[in-house]
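Each chain carries a letter (A, B, C, D and E) given by its place in the written order, and its residues are counted from 1.
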Amino acid sequence: MEKHFLILTVTVPLATATLIPLLSIRWERAGFWLASLALLFSFGSALILVGGVLVDGRIAYHVGGWAPPWGIEIFLDWVGAFFLLLASSLSLAVAIFSRIYVEQNLEASKIPLFYVLLLLLAGGMIGFILAGDIFNMFIFFEIFSLSSYALVAISGGLESLKASFRYLLMGTISSLFVLLGIGLLYSLTGTLYMPLLAQELGVLPYSGAIRAATALILVAFGIEAALFPLHVWLPGAHSLAPSPVSALLSGLVIKMGVYGMIKVLFYILGGRGSSEIGALFSLMAATAIIVGALFALRENDIKLIFAHSSVSQIGYVILGIYLFSYFGLAGGLLQVLNHALAKSALFLCAGVVISQAGFRRLEDLRGIGRRMPFLMVFFTIALASLASLPFTCGFASKYYLCKGAIERGEFWLAGIVLLGSFLTLLYCVKIVNYIFFATPAVGRGGGERSYPEVSPWMMVPIGVLGFGSLLVGIFPGLSFILIKPAVLGLLGMVR
Amino acid sequence: MSTGNFLYGVAMLLFLIGFYTVLARPSLIKKIIGINIMETSVFLFLISVGSRRGGSAPIILSGVKDYVNPLPQVVVLMAMVIAVGTTALALSMAVKIFESSGAGERRG
Amino acid sequence: MSAPIFTYLPVLLVFIPIILGMLIFLVQKEGVRIFLALLASLIGFGGLSWMWPTISKGLVLATRPIFLAPEIFLYFRVDALGLLFALVSALLWIFTVIFTVKYMEKESFKGRFWGFLTLAVASGIGVTLAGNLITLFFFFEMLTVFTYPLVIHGETGAAMAAGRKYFLYLFVGEALLLFSVVFTIFLGGTVFDKVGMLPTTQSPNLLRFLLFTFVLGFGVKAAIFPLHRWLPEAAIAPTPVTALLHADAVVNVGIFGLIRVIYNVFGPELIQSLGMDGLLIWVATVTMIFGSVIALRQDDLKRRLAYSTVAHISYTLLGAAVLSASGLVGALIHLVSHAFMKVSLFFCAGAIDRGTGKKRVSELGGMGYRQPLVMVAFTVASLGLIGVPPTLGFLSKWYLWMGPLEAQQSIFLGALILSTLLCAFYLLPITYRAFFKHAEGPVERQRTSWFYLLPIFVGAVGGLLLGVFPKPFLILARVVSESFLGG
Amino acid sequence: MESVWGSLPLWIAVLPFIGAIFLYLAGQRFKNLRGHLSLLFVGIDFILILSVYPQIFREHKAIGYISPFLSIFQLSLDPLSFSLVALVSFIWLAVSLFSLGYMVGGGSGEYHAFSLVALMAVLGIFLAANFFTLFIFFDILGYVAYILIVNSRTREALKAGTKYLIMIILGDLTFLVGIFLFYYYTGGVAFTPALHLPDSAKLSIFLLMGVGFAVKAGVIPLHIWLPDAHPVAPCPASALLSGLVIKTGVYGIARALLVLFGMAKVVSVVSLLLLCLGVVSMLLAVFMALLQRNAKRMLAYHSISQVGYMIMGLGCAAFLGKEGMLALGASLFHLFNHALFKACLFLGVGAIYLRTGELDMYKLGGLRKKMPLTALFLIVAACGISGVPLFNGYVSKALLHRVLASLGLSPAGQGLLEIVFISTGAATLCSFVKLLRLTLFGRIPESYREVKEVPFTLVFPTLALAAVILTIGLFPNLLWKGLLLPSLEYLGYSPPVLAQFSSVEVWGAHDIGSFLWVLILGLAMYAVGSKYKLFEISFPQWFSVNYWVERLAFDLRFVFQERRVFEALEEIQLAPELKYLAVREMKFFEEDVESVTEGVRRLVWGLERAIKDILLSIKDSFSFLKRYCLREIWEKFLARPADSLAASRMSERIEGYVVELEFGLFLILVFIVACLFW
Amino acid sequence: MSLIYFLVPFLLVIAVATVFTRDLLAAVIIFSAYSLIMAVVWQQLGAPVLALAEVAIGAGVTVVLFVVAVCRTTREEKV
């Protein structure tokens, strides 16, 4: 029974997306309610599916009843379950948050479009996670990429349009790379179904063609994941998109690049050539960690800081993956969780501030902690998690990354991890200083600025993310229910 | 030299031409044209992967034993649809950018 | 004593004050805040002194580990070393609270101040009671984080600059520390249940590197020489905070970590076989001399005292690093005496500042007539710090001097003596000015509040009394040295 | 009952302290009664001490006290400490009485309270049963004496006090190191003989402890604080300082000697060093005294000189070993005597100062008619110190002279010692003739026509002291048999030796003869000196040890204060760069390169500055050497002193010297060479 | 198949021409020619369905879109 949820959890959001324009002609709020319901459904089914994975380890569904290699298979295993849970829950939270935000910040005519795109984004990502062959991966990749370009541009400002266009160019190039890589792989093996592909490739010698295909796909996913030299699209896109979209982009979409990398490296290549790939990519990741944090330090716009910080944080994830060791992978996955929760909470908080108070520069944030104490407490929790203070998830992930690096004898990588977390701490403290330890900014009238009440529709998702962050932070062991078998499974694929 | 390998080379050349356009030409429209050139080159590549010397189209006819591989063609078809979507989106953005800035040119 | 409570006492002792500290943020009434802060400190001290009879027999109180994630677990294990440090912190905590009541009376954001003060000392105690490296690191970093808002409490430009420096130094140190912690766990040790947890078969250079990062990591907090700059800068913070930094928790905890590293992580034999004890001793010596010499040149009273801390803390390091029984006992006792005296001195500085607005040594002429009791306590505490006989400072110096001799490194005895001499030269002029120089303006006798005088006298007279009755701490120190160096 | 008895030493020591607290509390209201209260407590203590006499001497029993709290804190009341304690309390009583009339007005409360604390410290030192306890009281005494010295808060007083404090801290520290080594080697601190130690250990311990004691006793190379500090204190305080406080140092040296070397014959560096230092102190200080104008300063130098006698006696005792009983006894005897007559002298001078407000001897005169009683007792005390027969100084000096004769050195060494001894005595006599001649005799200046005798409370103490001086001078065996012999016996000298000196006999022809020599030489010296104004010679500054010490201190201060090397080192921190990196606007590719170069530039600049500073200071020290050693020696030795003084840059930088003559170091060398003959 | 060898150089030349034509409308028209030739190539490679689709989509829809876009913006490409 639960197998059917596999296909439903993808198709329901996608199908609902088509319904929304129709219904919203008569019903203003159709977009919100439908999107929320669809995402609630996929969240629920994701829970059921994760339950199934906990029992069976891997569940698969053959579309139309055709078994591979002729039919299309979608499947879920431990790694997928981890990402699926994140994707469905975060999209739900963002959808709920968007209700008020969108009404305040978008033209009414664009609201249904927003939810359509949101659903396409969520459905695309879920499909990407579940896809069993690489061509389906590509299709879903395109779906969610396209909707994210559109979402970035949706507010219609010149800057966001430009940022979105840049994102589009990079994204299209990346998807073409993926396609090229798929073509190469297909030319070598004659199949697109991942297990078969892996099998066929395993027989072949590790030739230049395989290398080229791998490189193409990895670079493409690197662009999507905003790995250091390829990250140029990210700061603009993430900072200029509407805040809930930024939350989703930073929290999830760039993780999809990582997920793609995991798929290619482990599911397809089975860890082949890991040393040379690892050396190159960990160097890039290390640079990303430092450079991203340094860029974040120099920025003054709160969303730009977070955007640059995403570059840095995703560096940790990628570093963890390319360490190819238990602790490295565990740290990487934990960092995915940490960053997803923390960064989306941060962007949502920033969204509240921007929509309620109308500014985003750090100077204007002075003393806001005394006006919006609860919001800012969650904000600070998320920052602490980002900065890997003790009793946060960030600490555990940095710990494991460090451990992984030391295990492989790469002390300098451990040093980079710690230096990066130090720099992260610096910009977090910079923000906290402005929020809590500065005299409040003066409004137009000369008195202190006043802030309207924050709607519970906004507070609840933030609160849930904040508490989730706190819970996972204090007991990072909880997430190991999924992470540990996931990592062991991945390592089991290494030949 | 087989047709396949020859076409691979052509596809790469076209890809590079497209890539150059995207990177170097300032006009947004030109960039989008560049993307299209890249896309078609990738499609060319995929099709030439599937094609076989002397093979005929993957339509079942009596007496024909040697078909080209249909799978890449399916792939290309879907990718082509997506490509049109992308192009449309990009063009609409280009128009918007032009309208809101007063110039369709953008450096970088 | 009922067994279960006693077994989980360390956990409760750390977390109840932390919870109380968090409650303070929610409370609006000043009276309730003070009550909560005082309650936290009393609970801390009460619980710790309840443990004293057990621990002073050489027993150890360990709780069950609380696993947070694989390899990351909270584990509390109270031994004599931890209890000694914790007792000092907790005892001085009570009086810091009393002092703060009056001192911060007219300040703003008091809720924040009380809350972070409580949290900071509680995490300081957490460090001392920690039973493994991860727990130690957790509370160590929390201490830094919670102290930061206290340092920048004034929110002025200077305070922010000081806070920035504090942050930069301490967190670089903590990054290094995390590295060494992970490395140590990788090499297979985490719990402080034996002397020397590292395998001796590792390559010596690797171990040397590890020790080096450890020393840098803890050394920032212990303000050893090239890393000491944050400490004097942080003297700009309110007086209770400087007391916290210098005597109550922060610096002490740094040196505590170093002692743990020297004895629990590496063990004396390994350190000696690596040939690194010399390095530690030299670091301590250089810090000692430099701290004292720089202190001589300071005109700002609090900065002078701060540099004096730099010097005095490395006495402790020296004592611990010579790897001899007397040296270790001396180090621990010196830490106690320094804490008492320095708290008293800083409180005196605070009381003078609040009473007359004088902050510089050169302005202190005639202060002995304005605030006689304060200056008398100041003098007593200075003499205690110099190590004049009936005080605890003398006792500690006695043992400390024994250390290098036992370790056959008599040259460092000279450094100790020189530093003592310099200590006299930078502290006594203050007394001299206060009592023997006339003030420029009119001199009026000022009434000093009992909220100030009580903690000040507790520090000074406490140091004096402990010199006569050193048993509570001396026994603990002996137990420590027996457990680490085998009697 | 037994426990009360056992804690008697503690009560003796602590009673003054209780008195001080009482004084502080009561004195807030009854300002005029403070002196009386102080007197009361000293009196009670004196009586308490005297009441123990039968217990100690008849039953021949020491009373020990061990603190129940701190077992290392031990006191004992044995014959030796009893003798010293009795002396202390007696003189303190007299001085307290004197200060009742002398110390009135501002600062008197402080004086009375802290003189009581000082009494506790001195008593504690003499009662201490181990080095630790000794050190505690020693240290307290050091700090309390400071307060007595700076009582007037004048510029000179504060300056002298600072110098005193620095010396005392140095001395205490070295003493502490000595104790510490002692503890390290023996595992205890008690006064039990530790003869089994290795020689090098003994020597180093003795030297370290000795430096501490010598600072307090004012032995010559370490005496620099004394001539400054004693004169600036109030007269009663000077009397206490000179009469008693410096004796603690002598006592300490004796203790250390006995503990470390016991009765063994110590023909080593130790005895020789003590001998040399004693002799040099005797001789140099007395010549310094001759050159003074200020009466109290002159007396202070005499204190150094007289301490030299005692140190010399100790050296002889060490030299002679078991047979050295007489030497030790003579030293102790001289200690007693000096305490008495020096207190008397200071009180007398104090009385004069009280009436005239003048200490410069050359501006006084003819006071014998105006203040007859004071004059009389001054003369008695002066006779005592000059060693005139029938006065107490004669007895101890004669004994010391005998000891010297029994040393058995080579003829050259013996002769040298003889010459030094005689000439010191002569110079002492000469300087007191000068003092008395200038103050009591001659023409009375106009401004002092109206001077009256001081009231009885001020005369009585001098009377009492003078009476004791005379009594001891006439009946030396009273003191010898009553106090000193039992003490020596208690210290463990063997009965045959004790029997040999069961009574002192000082009226031999040899003793009288040497006194005659002293008399003749002294008068001749006075005649020549006053005729050719030799007493008013001023030597160049750089002759003085004091000058060099202050010069060094000045240079050190210069280094510390002038933002030199240390400042530069402080600048080389990386913090500004990191701050720059982290907090300011961070334009990564542009500004950071700049900031890194800036950091490197700063580092280089800091290093450069540090190196430059070090080089500069080296250069400074060379030019200093050139300027102040070579050139000044050249100019000052040949040019007339006054001109070169005015020309010297030093006189601009350091002022307020009274020029001293201290070519001690040369003489020590000469003397050691001479003594090595035998 | 040999037709391919004839068409391919042409394809390349047209692609280059598209890139370097300043007039955007001209570039778009040249691009449509490019698409048509590409369609022929695909047909030669045994993918007639794709060729048809390319004619419809690449040379049809896309070019229309481009023309509209060029009309609403500008014909000049400023270098």
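Basically, a contact is a pair of C-beta atoms (placed from the backbone, for glycine too) under 8 Å apart; a residue touches a chain by one contact, two chains touch by 3 or more.
If you're wondering where the values come from, they're calculated on a predicted model, not measured in any experiment.
Path length between chain B and chain E in the touching-chain graph (shortest route): 1. Located most centrally within the structure is C, per distance between chain CA means and the overall CA mean. With centres computed as the average of Cα coordinates, no chain lies farther from chain B than D.
Among the remaining chains, D is positioned farthest from chain A, on the basis of C-alpha centroids.
Once the centre of each chain is set as its mean CA position, chain B and chain D turn out to be 105 Å apart. Centre-to-centre, using mean CA coordinates, chain D is 112 Å away from chain E. Distance between chain A and chain B, defined via averaged C-alpha coordinates, is recorded as 29 Å.
We define each chain's centre as the mean of its Cα atoms; on that basis chain A and chain D are separated by 83 Å. Residues of chain A in contact with at least two other chains: 426.
Residue positions 168, 172 of chain C each touch two or more of the other chains. Annotation for chain D: residues touching 2 or more other chains are 582-583.
Across the complex, chain A meets chain B through its residues 135, 138-139, 142, 146, 149-150, 153, 156-158, 161-162, 164-166, 168-169, 172-173, 176, 179-180, 182-183, 186-187, 190, 192.
Residues of chain B touching chain E in their complex: 3, 6-7, 10, 13-14, 17-18, 20-21, 25-30, 32-34, 36-37, 40, 43-44, 47-48, 50-53, 55-58, 68, 73, 76-77, 80-81, 84, 87-88, 91-92, 94-95, 98-99, 103-105. Of all the residues in chain D, the ones that touch chain C in their complex are 69-70, 132, 135-136, 139-140, 143, 150, 153, 158, 161-162, 165-166, 169-170, 173, 176-177, 180-181, 183-184, 560-561, 566, 570, 573, 575, 578-579, 582-583.
Residue ranges of chain B in contact with chain A, taken from their complex: 15, 19, 22, 28, 31, 35, 38-39, 42, 45-46, 49, 69, 71-72, 75, 78-79, 82, 85-86, 89-90, 93-94, 96-97, 100-101, 106, 108. Interface residues of chain E, counted against chain B in their complex, comprise 1, 4-5, 8, 11-12, 15-16, 18-19, 24, 27-28, 31, 34-35, 38, 41-42, 45-50, 53-54, 57-58, 61-62, 65-66, 68-70, 72-74, 77-79.
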